[in-house]
Amino acid sequence: MTTAVSGSVDHTAQPAQASRQRRSGPRTLSPSVKWMLRLSSVAAILLAWEIYGRSINPILLSYPTAVANAAADMMADGTLPQALSESLVVLGMGSLIGVSVGLTVGLFAGRSQIVAALLELPMNALYATPSVALIPVIVLWFGFGPTAKTVVVMLFVLFPVLINTMRGVQEVDAALIEVARSFCSRERRMWRDLIFPSAVPYIVTGLRLAIGRALIGVIVAEFFTAFAGLGNLIVTNANQFRTDRMFVPIVVIALFGVLLTALLEWVERRIVRWHGDG
Amino acid sequence: MTTAVSGSVDHTAQPAQASRQRRSGPRTLSPSVKWMLRLSSVAAILLAWEIYGRSINPILLSYPTAVANAAADMMADGTLPQALSESLVVLGMGSLIGVSVGLTVGLFAGRSQIVAALLELPMNALYATPSVALIPVIVLWFGFGPTAKTVVVMLFVLFPVLINTMRGVQEVDAALIEVARSFCSRERRMWRDLIFPSAVPYIVTGLRLAIGRALIGVIVAEFFTAFAGLGNLIVTNANQFRTDRMFVPIVVIALFGVLLTALLEWVERRIVRWHGDG
Amino acid sequence: MSEAHQKLVVDGVSVRLGGNEILREVSLAVAEREFICIIGTSGGGKTTLVRAIGGLLPIETGTVLLDDTPVVDPIPRISMVFQHFGLFPWKTVRANVEYGLTVQGRTDPDGRVDRLLEIMHLAHVDKKYPHQLSGGMKQRVGIARALAVEPELLLLDEPFSAVDAITRELLQNEVLQLWERNERMSGVLITHDIDEAILMADRILVISGPPGEVSLEVPIPIERPRSAHSVRSHPAYPELRERLWSALQAGGKTALEAA
Amino acid sequence: MSEAHQKLVVDGVSVRLGGNEILREVSLAVAEREFICIIGTSGGGKTTLVRAIGGLLPIETGTVLLDDTPVVDPIPRISMVFQHFGLFPWKTVRANVEYGLTVQGRTDPDGRVDRLLEIMHLAHVDKKYPHQLSGGMKQRVGIARALAVEPELLLLDEPFSAVDAITRELLQNEVLQLWERNERMSGVLITHDIDEAILMADRILVISGPPGEVSLEVPIPIERPRSAHSVRSHPAYPELRERLWSALQAGGKTALEAA
Amino acid sequence: EGPQEAESNDNEIQVGLPTGKTSFANSDIAVAQEKGFFKEAGLTVKTTNFRSGVSVVQGVAGGNLDVGASSFEPVANAHARGGDVKIIGSYTDLLAVAAVTPKDVTKPADLRGKNVGVQEVGAFREIMTRIVLESGGLTQRDVNYVPVDSQSYISSLLQGKIESAILQTEQALSAQTEDKNLHVLENLNKITPNYHYGTYFVSPSWLENNRKNAVKFLTAITKAHRFMYENKEETVPIVAKSTGFDEKTISAAYDVMLEQQGVFPVNDGLDDKRMRQTIEKLRKMGVLTGPEIKVSELVDKGPIGDAVRDLGPWDGDKRWR
């Protein structure tokens, strides 16, 4: 029941309906528009690549249709599935360990200034050390097998997760920490109720960065520690200048990057339901 | 002026002074304790390396004192300063461009769903693409010189900055955006007053990740295009089994990582004075 | 036009948030230089209403008109004090108060910011950051910020909720004085204090909800200037208070028990 | 011991924050089952005082004793309602209310959480998240959370500041009833509303500052149960109100004008 | 640096070398430089080291390098895949590498079941490894391939992580001084004397516009090769400087490479038969795939022919080619 407005209003005086559209602020695009934008950018890039790739020296760059043909061949002759399965094992194990270690150490180091101070310099140094220097030592300790590869992937994944997690933990709202303390939350509980949830956006960003790193880590590991998987496919085909075939594993990796990122975002949206949309 | 307590208190009943120490909560370590912890972890690692390094074949792994001697030699004969200066130019230019582009694109993409949707797939794909695939194209476009190296470093730096900045912008407090809108802040101003400051912790984390990536990017660039700078020193000395000399540029890189990170933190502390300490 | 004296007209405004109907066809009007108060039970939709008036929310049906022009986006002529304070943590008290002026590219020729810092008793903390302030201080910064832009329509969402009785009386008087001295400012104040509403308003609206509707509208016949004392001793006061109280109570039941 | 009836003793407590002296040698005591109110001007140090009592702040000098044991860290027997609400954004209303119990590893055998959700009129929003609540709703969640752990000392920092007059009266009564029914609970309530303090307190302390000091202490001789009406018509009321008001005013000048 | 400058300065040549640090086999350029042969020809030559022959081929194909130095197989592969490169000369047409193993490996057949270090499958060192294995009647399936990048090649050998590595002659000798337990199992030139090793190559479009410079370059290189045979005293220090090895090692390597085997050609060094056989070998091993290639299309003997004609051919020694 609405009461009368004090003073009558001219209902037709202003084209209010028309101008309601212009409302600015955090615009939310509809999913279909988003998909259109996404696909159109991909299409534009593929087209440009096709045109440019056809125009230049074939040993430098292939083009999408040639790569697609090569991919079909490599699926048919079994080289691609085989290489893929080899790489995926390393990718999975290495990422799993890297993410677990990064999360755990990051949570501790973000919360404890002692742990942070102890780790700080060695961590920053190790992170900046090129893998060329580390690989001989890794091989020395872990041999040439899958273990060494896993360690390489782990090292690639570790730092983005660790550094982002650490920062996320440090940025926890001090007021909420005080609330948790006032309810006598023990440290362990505090992580679950407060520190972890509020660090989630940082952690997700770390994971997102880790995805790309993990995929590149697999390739690097397969270059330097054993002839297997997608990395091996890249090298052998690169040595023969079979650019179309060389690009197949690379495109597969890139696709993986896209898929895993999308998966991560989907998982985050499912878990973090409490978030305001603006 | 304090008024009387209603009911008298036994002042000596409890050892309150003694137990005041146990107060938990966000402990703040004094700078000197922090430095002690930092240095002791570094000392422990150097000692372990020295002992382990001396125990195994010197061609595999050198040890700190030998590396220090080699560094002194290389300073004296000018090889190190020369290589360093070559690498630093590439490092500086590449990082500068990578950070600028990452920041700019990240701010835009974080704020505009259209930009984000357009960039999303190509960005995720490119980020997961191993540099082996990109280097022939980079060389084709930019030659073998410093320009190509700069581009490689830029690509290494770009993504951590971009992805973290983007997320930082997306995590801006919706309530504050509403405040800014209510005061009719134009979009441009909103970035300065609100979006940028609140994204700072994310951006700093991105920069921190970028430091390590930039340093590794320089080495990769110097390996895969024309040999030069510190990367060249690594390769040349490795080829001649001079492991102690090989480790000099590697240690220099690692030190740089530590120094740049410390610098970043110092700058952040100077800029972000408003922050509560917990 | 004949309706020129109506500064703000809210006509049949409905708002949905997160799928729920929060406001249902709310209509009201505020005349030029009028000061109205809105009271209503917690969760009734008061904040949502002022956000809609301020152009901050998409309206489902209806219109908000300021001087006969639809308000679709925020406009500089309206400014707002937020229930959640909404201070920028990285700006000092002074910079927060200056914010509206800066952002609208305006200067402060008459030392308005200094005066407001004085009036709000914030001059001594003008270089502090929000996390160093008490709750009441934060609230006063929010009020000063909204007043600094000298709006034609001032929207105040529970502006005195975190200040003590003394400061509250001081601030009530200050806001009323600023309003009286200003020739063009109309005001909409949300409060949960009936006495405050009677003290300050030309007219009081009671919003009950959800979904929020205007369930009562009473003009306050008490002549200005008013004081807490003069209001309470006014002959109309007991009946007024009683009416508002029962309207609140009726709406309150709905609001608090609504599923 | 002869002092066993003193539940809480604050003795000569001084606190510094960010280099400033916020509390200076504050002493007070709360007896078993006593309910005291603290009033004082904005920025005077009230919040700081209850944080110190709750074991949340390092004390520079002095002691806080609960049942003659120093409170150095938070203890489960004390719980607190925060002026800033302090809800967990990622927990539903129900999970927020249950928080204290969960965190202390306790169960809810008597359906206490459900009852509190009812009492606080939150049952219908128990699955919502804080960002979907109005200001008053958030405040009620904070109160319910503190009550759910049934503390021996309940610290309430302006717990009714964001609720309307009706809800406020309801909640005041609910809190008083919970307190009366509970055999062991003492209470310290910070408010900026003198009438609220008179209605609820056995004794009222006025804090003036900064630095915060106890500038007045008055017992309230009005017999319980009280109601808003019975209090106002009590013969001691006008004089009480007048005393508190002027104490507040005296302290207020210091607080608001302090450099 | 870069192609733009090369175009603006007609007499400047950018040369890409296929190893991170210049090897003895590529030191002919250093000799030509030091002895002023390039200057005499009116050329300014700039060299850049690369990670592998593949990178050099890409540089030449992309127009960033004028002349590339690389072993035969990347060039052949690039040509087969439409990469448009042409061989115009050789730095060493005979193999100048050796298989190095611990002393308990006395013949290639002993490598059965051992860890064998290779850098990349399908790259030069892996092909050489397979040739060694073949000579002992083994295939790659009879050993464990272990990937070792160029930096840790030798350290892995010393450490026992791998038991065979293909090294440049000077590296092989140096490795033996580092670890007395190592020895040269076989010089590859012994096992496959008719394998074409090192080439200088260009892109046809560059050759078309810079034919004179190509002739000048090859003239200076041929002069350098001849000088190296005639003057060990002067050659050894120059090579030692460009490779970074000590003179003793280089002197020993000189004896193997020049005195015994004569790996540097003194005439055109482009033997059709040798190249045809190399192509066949690569095809058989599966490291050269794709369309048929003809030596006549892969090689342009014009410039080296002109150079040798100017200098006058050498003969009289079985090493002279």
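Letters A, B, C, D and E mark the chains in the order given here, with residues in each chain numbered from 1 onward.
Going forward, contacts are C-beta pairs under 8 Å (C-beta built on N, C-alpha and C of every residue); 3 or more make two chains touch, one makes a residue touch a chain.
Worth saying up front: this structure is predicted, and the values here are computed from it rather than measured.
Minimum number of contact steps separating chain A from chain E: 1. With centres defined by CA atoms alone, the chain at the far end from chain D is E. Inter-chain contacts peak for the pair A-B. The chain with its CA mean position farthest from that of chain C is E. Residues touching across the chain C-chain D interface largely coincide between the two copies, over half of the numbers being common to both.
Spacing of chain B relative to chain E, judged by their CA centroids, is 42 angstrom.
Averaging C-alpha coordinates per chain places the centre of chain C 28 Å away from that of chain D.
Measuring from the averaged C-alpha position of chain B to that of chain D gives a distance of 46 Å. Touching of two or more other chains is recorded for residues 55-56, 73, 84, 131-132 of chain C. Multi-chain contact residues, meaning those touching two or more other chains, occur in chain A at positions 24-25, 57, 60, 132, 136, 140, 174, 181, 223, 238, 276. Among the residues of chain E, those in touch with two or more other chains are 58, 62, 151-152, 155, 159. Those residues of chain C lying in contact with chain B across their complex are 51, 54-56, 73-76, 78-80, 82, 84, 86, 88-92, 99-100, 102-104, 129, 131-132, 149. Note for the complex: chain B touches chain A at residues 24-29, 33-34, 37-38, 40-42, 45, 56, 60-61, 113-114, 117-122, 124-133, 136-137, 140, 159-160, 163-164, 167, 171, 174, 177, 181, 201-202, 204-205, 208-209, 211-212, 215-216, 219-220, 223, 234, 247, 250, 253-258, 261, 276, 278. Chain contact summary for the complex, chain A toward chain E: residues 57-60, 132, 135-136, 139-140, 144, 223-227, 232, 235-236, 238-243.
Those residues of chain E whose C-beta lies close enough to touch chain B in the complex are 1-3, 16, 19-21, 48-51, 55, 58-59, 62, 64-65, 150-152, 154-155, 158-159, 171, 174-175, 178, 244-245.
Across the interface of their complex, chain C is touched by residues 17-18, 39-44, 46-47, 83-84, 121, 124-125, 132-137, 140, 158, 161-168, 170, 192-194, 245, 248-249, 252, 255-259 of chain D.
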